[in-house]
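Every chain is named by a letter (A, B, C, D and E) in the order it is written, and numbering of its residues begins at 1.
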Amino acid sequence: MPNLFTAKNLTKSYRVSNNPLKKSQLEVLHGVSFSLNPGQTLAVVGESGSGKSTLARILVGAETPDSGQLFFEGKNILSKKHKFEWFKNIRLIFQDASASLNPRITIHQSLEEPLKNGTDYNATQRSDRIAEVLEMVGLRPEYAKRYPHTFSGGQRQRIGIARALLLRPKVIVADEPVSSLDVSVQAQIINLLLDLQDRLDLAYVFISHDLGLVQHFSDKVLVLNNGTQEEYGPVSDVFSQPKSKYTLELLDASAGYKKPE
Amino acid sequence: MIASILKQLGTLLISLLGLTVLTFILSQQSDTPIHPYQSDSAFIQYFEYIQFLINGDWGISSIHKRSVLKDFLQHFPATIELIVFAMILAVTTGLALGILASTRRGGWLDNTLMTTSLVGYSMPIFWWGMLLVLLFSLTLGWTPVAGRISFEYDIQPFTRFMLIDTLLHHNKYGFDAFLNALHHLILPAVTLSTIPMAIIARMTRSSLLAVLKSEYIRTARSKGISKQRIIWVHALRNALQPILTISGVQISIIMSGVIITEYIFAWPGIGKWLLEAVSRRDFASIQGGVLALSIIVIAFNLVLDFLSIYLNPRLRRPS
Amino acid sequence: MIKLPVSANNRAAWTIFRQNKGAMIGAVILIIILILAIIGPWISPYDPARQFTNKILIPPIWSPAGDFNFFLGTDDLGRDILSRLLHGARLSLQLTFTVVLIAALSGILIGAGAAFLNQTLRSLLMRIMDLLLSFPSLLLAIAIVAIIGPGLPNAIYAVVIVLIPQFVRITQSSISDELNNDYVMAARLDGASSLRLLSHHVWPNITPALTVQLTFSFSTALLDIAALGFLGLGAQPPMAEWGTMLSESRAFIQFAPWTMTLPGLAIFLTVLSINLVGDGIRDALDPRLNR
Amino acid sequence: MGLLQVENLSVDFQTDNGIIPAVDRAKISINAGQVQGVIGESGSGKSVMALAIAGLLSPAATMRADLFNLDGHDLTRMSAGERQKLISNNISIIFQEPTSSLNPSLTIGYQLDETIRFHSGGTRKQRYDKAQELLLQVGIIDGKRRYKEYPHQLSGGLNQRVMIAMALACEPKLLIADEPTTALDVTVQSQILDLLLKLNEEHNMALMLITHDFSILSETTDKVYVMYGGQIVESGRTYKLLSQPYHPYTKALLNSVPHYGMHYRKGRRLFNLKGSTPSLDHLPVGCYLGPRCPYANRKCVQTPELRTLKGRKVRCHFPLIEDDS
Amino acid sequence: SPEDSDLSEQDRTQDLLVYCSEGSPDSFNPQLVTSGTSYDATANILYNQLVTYKPGTTEIIPSLASSWEISEDGLRYTFNLRQDVSFHTSQVFSPSRNLNADDVLFSFNRQRLSSHPYHGISGGRYPYFTAQSMDQLIKDIRKVGEHKVEFVLTRPESPFLSILATPFASILSAEYAGQLNRLRHPEWIDSKPVGTGPFRFERYEPDAYIRFKRFEDYFGDKERVKNLVYAITPDAAMRFARFSAGECDVMSYPLPVHLRVAQKNDLQVVQTPGLNIAYWAFNTEKPPFHDAKVRQALAMAVDRESILQTVYDRQASLATNPIPPSSWAYNNNVKKITHSKRRALELLKEAGYENGFSIDIWAMPIQRAYNPNARKMAEIIQQDLADINVDARIVTYEWGTFLSRVSRGLHHSVLLGWNADNADPNNFFSPLLSCASAVNGNNYANWCDNRFDELILKGRTSSEQSERKVYYDQAQEIFKQQTPWLTIAHANNSVLVQPRVKGFVISPIGNINFEGVTVGQPEAGQSQNKSQASHEVTH
């Protein structure tokens, strides 16, 4: 029985110089691999610029890696011959929920989009599904009529989660889903994600730089340093016996500020 | 830096290509061919045309039978003089008004200035010029109606910049001729500078207000630096950058304006020359004039780009 | 957290607009001018071409020499200036509308089409647009008129060509700005096709910028058409086009100034009111800019 | 001897949507050389309070205070000019975003030099030497090179050091650091904090540290103010306040974040307050926390006053004192 | 330059005369061009001709030629040249001798002989010379003595003397030409002019001004100002504005309305009935204009009085014949055209066009003395035609295009005019209405009537004026019957002159001449306001 979601040796680089004579490439990811089963959470941690978001974009199909393979339920979804419909299976929760909602269309219109593209529901069916999912994330169905700016940050993040859930995906990639929120609201969202995982048996790829949260939330952890995979394994192992120096530094820094004596 | 220069050069090439194609088409409209082409194919003729241009042969005007390039160079100083004078007027006044308005933000002075600038910005300058002439020249008699200098001053054209030439005639007329030339410049320059002045004033104000809200101004304030110094040293330099970037647009506004202004004030410059050429269908002159003016606009934009790179350290030395 | 523009919906924008005194005054003037332009032919006292050969250059009625039959006086052919201005309003505004409409449609189409082009082609297209933009508009119009000859239709083509790049530029740059936004990526990840992305997600967000551009190109177009008419390259007499009327009246500037001031005032008021409204719209749609 | 004493400091913003009370009757006192902290969620008024103290509020703001004593002078009785002078001589402030706090079109050297000139004057040479000394003090070793560079050429950490150097040039008695490390990488954060504490000790410069991070507060500060909705809801000695918060909000803040190293079972739900932070133009009646507070009852529609309880100040009708007996 | 230093402060203004001219000269050699603007800046300023008109009249008087003889058969003209005529000195040329026969030969042979070394210089086209078929008319020009030349003609041509008084017959210096050949700049002869005229060329700033200085060694003895400036101001409104602001002393081509204002304001209006005609030509080759009835009908439909009023502001007289009444050949017995809508409708009905038709009216795009505003004229005609069910569309092009299209006969009808180059009546008939000119010339009605053609040929070759008058009278009758044109007006030639300017005279042909013109301080109360059909303003 294959894993639900497996990545093998993903690499990605960007062309950074706009000088036509000099092409320089920036390697953002080299050799990232992991695997994930339903109900599991994989945390990805690393400093700013280490390639976390790039990895997330690759995982949800917004970008193609330069090399490497990605298996979903045993199929290599990067190969052209499987016309893999990413958006029905793997969804992304954005860091900044307000930026991911179109300010000029209603929540209903935003939420309708995946349903229109991914199902053959009619308008009532779509509305019903939207109402259902909104309730699932703890929002009132009539909110759908409103525009994004009428919501608080936490509510907007809930809408983002609802959008991810609409098509009943199996994997959800969450790119720092709570870091733009107030601390008191962060906890609500984390709790909601945990609830949903229990109910729907979701697999999460959870990107964060808050190791406390990671420890609290995840089964496995993948440490990225400048695009290289420094460490990968169960949370308890990695955090208690870090193998690489980088991980150690990261853990130290996350342990909070210590006044020099 | 090299990348941006290359980019500039690319733009320049495309611009020149588009431009010469346009003027080539223009030159083809002439009844009598303005250049003796060897080939019959328009495509090859285009390259011959470029060859002619590079050799300085811009054709002979069909009406006056003069060399177009020479004609252009003879008329050009008058235009430049007008533009430079108007620009100085527009920039100094516009900046001053913009700064004044931004420091009195929301007050009556600000409101008055901004309303005035909107009025100036909306002014059809062909009407405005006529109104000014009607009032100041014909009714009050304060300013001359037309021309660059009174004819009692016999000024040999050395540089063809009247202000300079009159100074070169200093031992003959003293400063009288110079002042007279200046007197003739005022009304056209005011007409021409109205719209750019309004734009600059508005831009300065809004850009300055935006900059004044920025964090580094707050830092400067926390250091106890005086208000004047904050505006002049800290804010203005940054506020000027967006103004500089729209100067490219300004120059095309000015170029359009100068054509109208010269027409209204019988100013013997390029604009009047070009209009005359259009009305007499002198295609040699039209293509030459359009080409030369556009090259100037392109060159100006190029200089501007480098200037803004120079003024903006972030562009000058990328980290 | 990014603060959303206050005017994420149009009602809020309208509220802001309404509080803007200048914009409201402009709107009122503009509406009056529009109404006059529409009903002008019915309320104008005479045919604009009708010549009262024995009523030449009569001043407006507030002058002692005025004639009550000719409210704003007559021109050198004895034509009623009020009637000519009213017809001119219709003509000038009609022309402006047409020009802006054509320019906006084609500019927006080209600009949106550019979003589908590859990088090199797009930047080439944009360079060309930049070139056209940096070109003095009147010079371009003169060049075009020189090629195709003077006259109203040709002047219109010229102004359209002058305006198109502005729309292409603003469309293209707002689209590419929008495409960088997370919500576009979100919609793409929702499975939306490129076309759908543009029409359903990007379009509503670029309409404010386009609206602002639209109002400002109204004033540009009006001024350019009038300027060409004034220089004798646009509408030809006896057409009651404002710029042409102005240019015809130059000869009488000293002794019949009203023949010059009135058409000029009409142009000026229209442009001013459009700009006031445009300013108001811009402030209302993007309150961060100027408040 | 109090360096700074402020009582009932209120700041209102005049906006299109009405008046926003960004700071409401705050009471602050700092002694010379003391390190204090301010914590609170985004929008709770921390920065506005800091700006008000530093006299840098924008013209849209109106500020009131019953008492505003700085270094023994009563600022409420001074003319604006005198007040500004006194403040800029005694208080320096550094901000969260160091790079945007420096003028992008002037060199580091110019900005530093300008500051020195305004405060101590001196010849060009003297000022240059002073600048180099300051750069060295904040840990910039290649000061000669940096002097000629522009802010965009420096990393965020270096810029923050430059900001600190500029603050030091004024030889302030109080340095307000408004989230000085949030924009920086974790590793750089601690360097900056180390530097600030070092300067605090060496110059006996009082420090007011605004942050989101309890771990920083617990390590550095003597006293903490907790802000919510523009009000100081609780203040007191750091150690006691963190180990035993009296205000439900303080408690929620502490508990809603899973801290690294505290071992949780995976999947355990976090403690949270329901709802979200109220926006300042729609504050609830009475206690601002009321609608979210698990302990609230009818009494909470009355505005709680700041009470002194066991050496601490709390703004709550039902402080959590009973729990600890 | 050293010669300027004699200008003292006080008399600076008194020695300066500014003439606001309507355009830039196309060349400083009148042989090369046809535009009146170029003639005005050259022919009577820089140059002289063998003979000339007495100022303000059409009478031929001696100029460079002190006397002349015409052979019996009218084929030989012998001119005796003045001996005291010197040429201008310029930076590149100092004349070593006075005018002699070589200069006359040079001036004509350059235009006449394609083998002449100077023939091809500056384009090699001599439009006036060619248009008047002078190469066919002049068989030979001979130097008979140092100061005596003989013109041999192929046929008798009674207008010949008049022709020699036109600008193209200006005499240039052969010596200067030789000098320029040596300098390898032959083209300077046309751009750095040297002549014998009352003023010498100083400087030309294109589109701005031309400066002339008094030629001190001029053979004539009339007073002249020291500095003469042509301020080039193409726009009539601007010209008048400059004039009324005192920036110029004399203003060319005032609009009729300017004259009215000027008269009100005590400015001199110098005016004379012009030798010109404004007409509305019907393209007789295009139906319905092949029918003389239609032409007459349309002619009657137009209210010329109102044109006279609005377009000319009454500064013109109604035209009946193609030539103006001041000509000796004018036929006083031709019946005037009467404006009658009723009669016009009847005629149309007779011709079978009672339901009307549509035509176009081509209106010349430029302002000329004879037609200050053809557009306006067209608008008035358009209105009048509407009354007789004729739908007219106004067409206009830029001038060059306009002329070339009209020459190709693309028009239905056209509003044009003609200003005579010389005072002979033939100057109207042959170029405008002969069959030859219909093929290749200015006959824009494309009208060819053999009887008419025969009559004007006779008029041209016979040398007896009374005999000629008979032919021309008959020709005018035929013209009237056939109505190839509606003759509209003979406009007055006018200029505006500041009161301080004395001695300005305008010729019926419209030439400008500053010989004998002086300026003084404007004297209060004594400013003259003479106008209206005075041939000359006297003081």
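Operating definition for what follows: a residue touches a chain if its C-beta (ideal position, glycine included) is under 8 Å from a C-beta of that chain, and two chains touch if they have at least 3 such contacts.
In UniProt terms, the chains line up like this: A = Peptide ABC transporter ATP-binding protein; B = Dipeptide ABC transporter permease DppB; C = Dipeptide ABC transporter permease DppC; D = Dipeptide ABC transporter ATP-binding protein DppD.
Just so you know, these numbers come straight off a predicted model, no measurement behind them.
Traced through touching neighbours, the fewest hops from subunit B to subunit C number 1.
The chain with its CA mean position farthest from that of subunit D is E.
Rounded to whole angstrom units, the spacing between the C-alpha centres of subunit A and subunit E is 90. Each chain gets one centre point, the mean of its Cα atoms, and the points for subunit C and subunit E are 46 Å apart.
Annotation: 54 Å between the Cα-based centres of subunit A and subunit B.
Separation between the centroids of subunit A and subunit D, computed from CA atoms only, is 33 Å. Of all residues in subunit C, those touching 2 or more other chains are 1, 150, 250, 253-254, listed in ascending order.
Listed for subunit A are residues 153, each touching two or more other chains. Counting partner chains per residue, subunit D has residues 42 touching two or more of them. Residue ranges on subunit B touching subunit C, taken from their complex, read 10-11, 14-15, 18-19, 22-23, 25-26, 29, 115, 118-119, 121-124, 126-127, 130-131, 133-134, 138, 206, 248-249, 251-257, 259-260, 263, 274-275, 278-279, 281, 283, 286, 290, 293-294, 297-298, 301.
If you check the complex, the residues on subunit E that touch subunit B are 1, 4-5, 12-13, 16, 18, 24, 26-27, 122-123, 202-203, 205-209, 211, 227, 229, 231-235, 238, 241-242, 244-245, 247, 398-401, 404.
Residues of subunit D touching subunit A in their complex: 41-42, 185-187, 189-190, 193-194, 197, 212-213, 215-216, 218-220, 252-253, 256-264, 266-274, 276-277, 292.
Interface of subunit C with subunit A (complex): residues 1-2, 4-5, 8-9, 181-183, 185-193, 200-201, 204-205. The residues of subunit C lying in touch with subunit B in their complex are 22, 124, 127-128, 130-131, 133-139, 142-143, 145-147, 150, 219, 223, 226-227, 230-233, 243, 246-247, 250, 253-254, 257, 260-261, 263-265, 267-268, 271-272, 274-276, 279, 289-290.
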